[in-house]
Amino acid sequence: MSVEKKRMAVAELAVLVGGRVVCGDGEVLIERVASLESAGVGACSFVEDAKFLEVAKESRASCLLVPEGMSEGAVGEFAATLVEVARPKLAFALVAEVLHARVKRGGGIHPTAIVAESARIAEDVFIGAGVCVGERAEIGRGTQILAGAVLEDDVAVGDDCVIHPKVVLYAGVKIGSRVVLHAGVVVGADGFGYVRDAGGYHKFPQVGGVVIEDDVEIGANSCVDRGALGLTRIGRGTKLDNLVQVAHNVQIGERVVIAAQTGVSGSTVIESDAVIGGQVGMGDHARVRAGAIVGSKAGILPGKVVRAGAVVWGIPVRPLDEYKRLNAHFGRLPQMRAEIDELKRQVRELSARLAETPDAGDAETSDAETRN
Amino acid sequence: MSVEKKRMAVAELAVLVGGRVVCGDGEVLIERVASLESAGVGACSFVEDAKFLEVAKESRASCLLVPEGMSEGAVGEFAATLVEVARPKLAFALVAEVLHARVKRGGGIHPTAIVAESARIAEDVFIGAGVCVGERAEIGRGTQILAGAVLEDDVAVGDDCVIHPKVVLYAGVKIGSRVVLHAGVVVGADGFGYVRDAGGYHKFPQVGGVVIEDDVEIGANSCVDRGALGLTRIGRGTKLDNLVQVAHNVQIGERVVIAAQTGVSGSTVIESDAVIGGQVGMGDHARVRAGAIVGSKAGILPGKVVRAGAVVWGIPVRPLDEYKRLNAHFGRLPQMRAEIDELKRQVRELSARLAETPDAGDAETSDAETRN
Amino acid sequence: MSVEKKRMAVAELAVLVGGRVVCGDGEVLIERVASLESAGVGACSFVEDAKFLEVAKESRASCLLVPEGMSEGAVGEFAATLVEVARPKLAFALVAEVLHARVKRGGGIHPTAIVAESARIAEDVFIGAGVCVGERAEIGRGTQILAGAVLEDDVAVGDDCVIHPKVVLYAGVKIGSRVVLHAGVVVGADGFGYVRDAGGYHKFPQVGGVVIEDDVEIGANSCVDRGALGLTRIGRGTKLDNLVQVAHNVQIGERVVIAAQTGVSGSTVIESDAVIGGQVGMGDHARVRAGAIVGSKAGILPGKVVRAGAVVWGIPVRPLDEYKRLNAHFGRLPQMRAEIDELKRQVRELSARLAETPDAGDAETSDAETRN
């Protein structure tokens, strides 16, 4: 990632994140973020929790973002200038957004890029070496299309996007603004749908489109298929990790997070603010309602509905507490087996004793039946 | 996907799919397929099942493919021209194949493509921008190699294939006719085999080849490794979804379907007409016999044989009915636990009562043993 | 894979692998390796185990590498020249390394490659068509960068590497010597880390680096993300299969093997000599200690530590023997269910009989409670 070096006084930075300088020199210049351990002069780091107090005192960072109240009674003990703020990790992310803002390459089209005459390229667009842009494609202001990406005919990309090397956008795909697509992402390939006849498979038409809304980020080598007849859609602010598979006609809401190697089958809906772990598999026509959390490696059956806000786990998914309880029982199966065997022994013994008891000897319990 | 607009009268279309016009105007022109809800003038849609009768009556499609007998007694109630046909969804796919046939770009080699002099390029081949074609490669008539694809030395591709952008075919890979490889597919990379000695790993030779037969389609970013010493083979008419992994020496039969993110380990055999779900993992040297169905997320142990026509599920796989039964028992483990505890209580009680019974007091059941 | 044909006398080859010619003509020339079944004149094959003795006698290979002592009493019965050696499969790999050594293309930069003026390219480097090499990049002696690969600014690649087509190395990535990156590999994309605020997600800074040490091989379309603040590291001699995901700040030791489609979450550590199966998922901040073996499809919870040398399996992982035992119990749940039902019946019966016994009739066991 090419980054440009900026500098900011701690006092400015405090304003940016809504915090306040509680000790040290507010004029110290900060030019990068770093971890607590590796930070040095010019670096800003953060402390999420008061339990890191001692480590924080040792840090050689020029600025530390710390939780409110943490410095109380210990102001003199820090080498760094301290900024207290409600959510230090969030503040740290905001500082990094400024200090490590992606270098905006100057606009320009590399001489080796192939751009169709009918394409409409806005101002300040950077188009790298070997990029192909098809007929009637539209690229918005400030967007950067890096080396070797392919945008087929009728693709539209909004403003201030970063399309990394080797991304392929099939014909007609629509991308919003401030979208980041990492290297190797493929958007708009045919969905996986066939109809069988005697001789083999015929492709069910895969002639729909894909819409990726603003502020989406998609990780390296992930795939988002085009709709069969309608659209595949990824909502605003949603983030996908690497090697994720999104099938035809899937609808993903806003601010959804999906970790690596998860696969979402055709026509499944993931509502806004859901959080999906890695290597999850979702069958087709399932629905994950708003704000639900799906644990890593979970399996969601076709047509299954996960309730809003639910936390589910397992294959197939169950509520997390049930999943944990069942797993605990599973781990104690050998003990359960032993207890049953002991019960059988006791019942045999009781039965035998009862047979010896006067007036009860005529009704012997059969043991053989339990031996299968 | 670049598509070309064709037009066809409903009457022609009925002949194409082996159906018959049962009401409406057979001369109406159709130029695209669409879903029942979105279809308008010029569109053909389909109804798979009579339960959609009412929706179908409302459709603004110009033509509807419907099951035989569905229009009976309701002929006057449809806006669309109706074509009755044995399998409407299949008919719909066939119509789409004609109306949405991929635009055959005119033959030609883009000036930025690098094609070895010793390569043999047939007529009507399209080679896009930045494509590389190695020494002695052969490309059959009508095949389209899209932007940025790389065909190394000695690759052979048959007729009428579509090799999407960024596909990489390693040296010597053989591809049949009418094969579609989506963007980012890699065929012929080294298989994953090493031999360990004291210092680390030596590569087991990966010098075999890959054969992909006619009418195969492979989804975006999927990988098919070359054989170690022999061949990796994918049979005619087989369809692979995105992000599928096919290891060295795997043999896949004809008309096999494999959903996304499934991985097949070395030397495993999948016989013809098998259907494999998504995120399935198969160990090496396993065999899935003809027509078997393997559920999503299933795990097949190395060397395992799945019987012909079997439906299997789970990790490791079991017959589906057994899998369902076991899962039901699993979900009731807490109840089973409670029942065992109650049995223990009852047995203790019986034992205690029996101890109080005259002539039986000498044989007390030990309860302590069951308490581990 | 472009390979160059070399030739070697069996006697030389025996010296190379530390074996000895026990029968046949040591002057026979060998030019390739092959499987026992397909080998012919000029080919070397191997026999791992004496149980293949009869097959070996039939082989038409010119040379067979066999276990020590295997030829005893049967020397005259082989068509091939026999070389006895301690580890025939390892010897076979060593022979293949020589006979099938990758063709070293002559150094040279293809005229369509885009190489920054500030890049430092050593001698004998091959840079293929359409390759992009960024500012200040360094490429070591003998390295081959194949068609369409992209090396961004400040990337360093050591000596004698093979960077296959379409590989993308993000800015600042450091690659050792003799590293092989297969087609479509992406190294250095942003890690997947965000901080949520009211409006959505802010990226946690992903400004660290990636170090890939000597002799690493990474399979097609795999992804290795850059560190958030620190480094992601893959140790010397480690081998990754296709479609593997390595998240930010992961530390992988030396001589680790990871099979296809496995995913390793952020900051997890895999120590040296571990062996990881396919489709494994590891949560973040987990640790797999040296030499541990993790079975395919296993799931490792965040923070979990797998002991050195342990063999673990399942979701979540357990020691293999425990996993097997539990799975066996799982498979017999229906029987356990039946046994509990039978016990309940017997206890009811005992209880009833006891009620009929003089002096014990006043203490009836409640059966209703067990009926939930």
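Letters A, B and C mark the chains as written, and numbering starts fresh at 1 in each.
The working rule: a residue touches a chain if its C-beta (ideal position, glycine included) is under 8 Å from a C-beta of that chain, and two chains touch if they have at least 3 such contacts.
Just so we're clear, the structure is a prediction, and the values are computed from it rather than from any experiment.
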Original post:
What kind of graph do the touching chains make: line, ring, star, complete, other?
Top reply: complete
Original post:
Same or different for chain A and chain B, when you check if over half of the residue numbers at their contact belong to both copies?
Top reply: different
Subject >> Between chain B and chain A, distance of the C-alpha-averaged centres to the nearest whole Å >> reply: 25
Original post:
Which residues belonging to chain B are in contact with no fewer than two other chains?
Top reply: 112, 130, 148, 166, 184, 221, 243, 261, 279, 315, 330, 336, 340, 343, 347, 350, 354, 357-358
Original post:
Of all residues in chain A, which touch chain C in the complex?
Top reply: 1-3, 32-35, 38, 87, 89-90, 92-94, 96-97, 100, 110, 112, 128-130, 146-148, 164-166, 180, 182-184, 215, 217, 219-221, 236-237, 239, 241-243, 254-255, 257, 259-261, 278-279, 296-297, 315, 327, 330-331, 333-334, 336-337, 340, 343-344, 347, 350-351, 354, 357-360, 363, 365, 369-370, 372
Subject >> chain A-facing residues of chain C, complex >> reply: 112, 114, 130, 132, 148, 150, 152-153, 166, 168, 170-172, 184, 186, 188-190, 192, 194-197, 199-207, 221, 223, 225-226, 229-230, 243, 245, 247, 261, 263, 265, 279, 281, 283, 299, 315-316, 318, 325-326, 329-330, 335-336, 338-340, 342-343, 346-347, 349-350, 353-354, 356-358
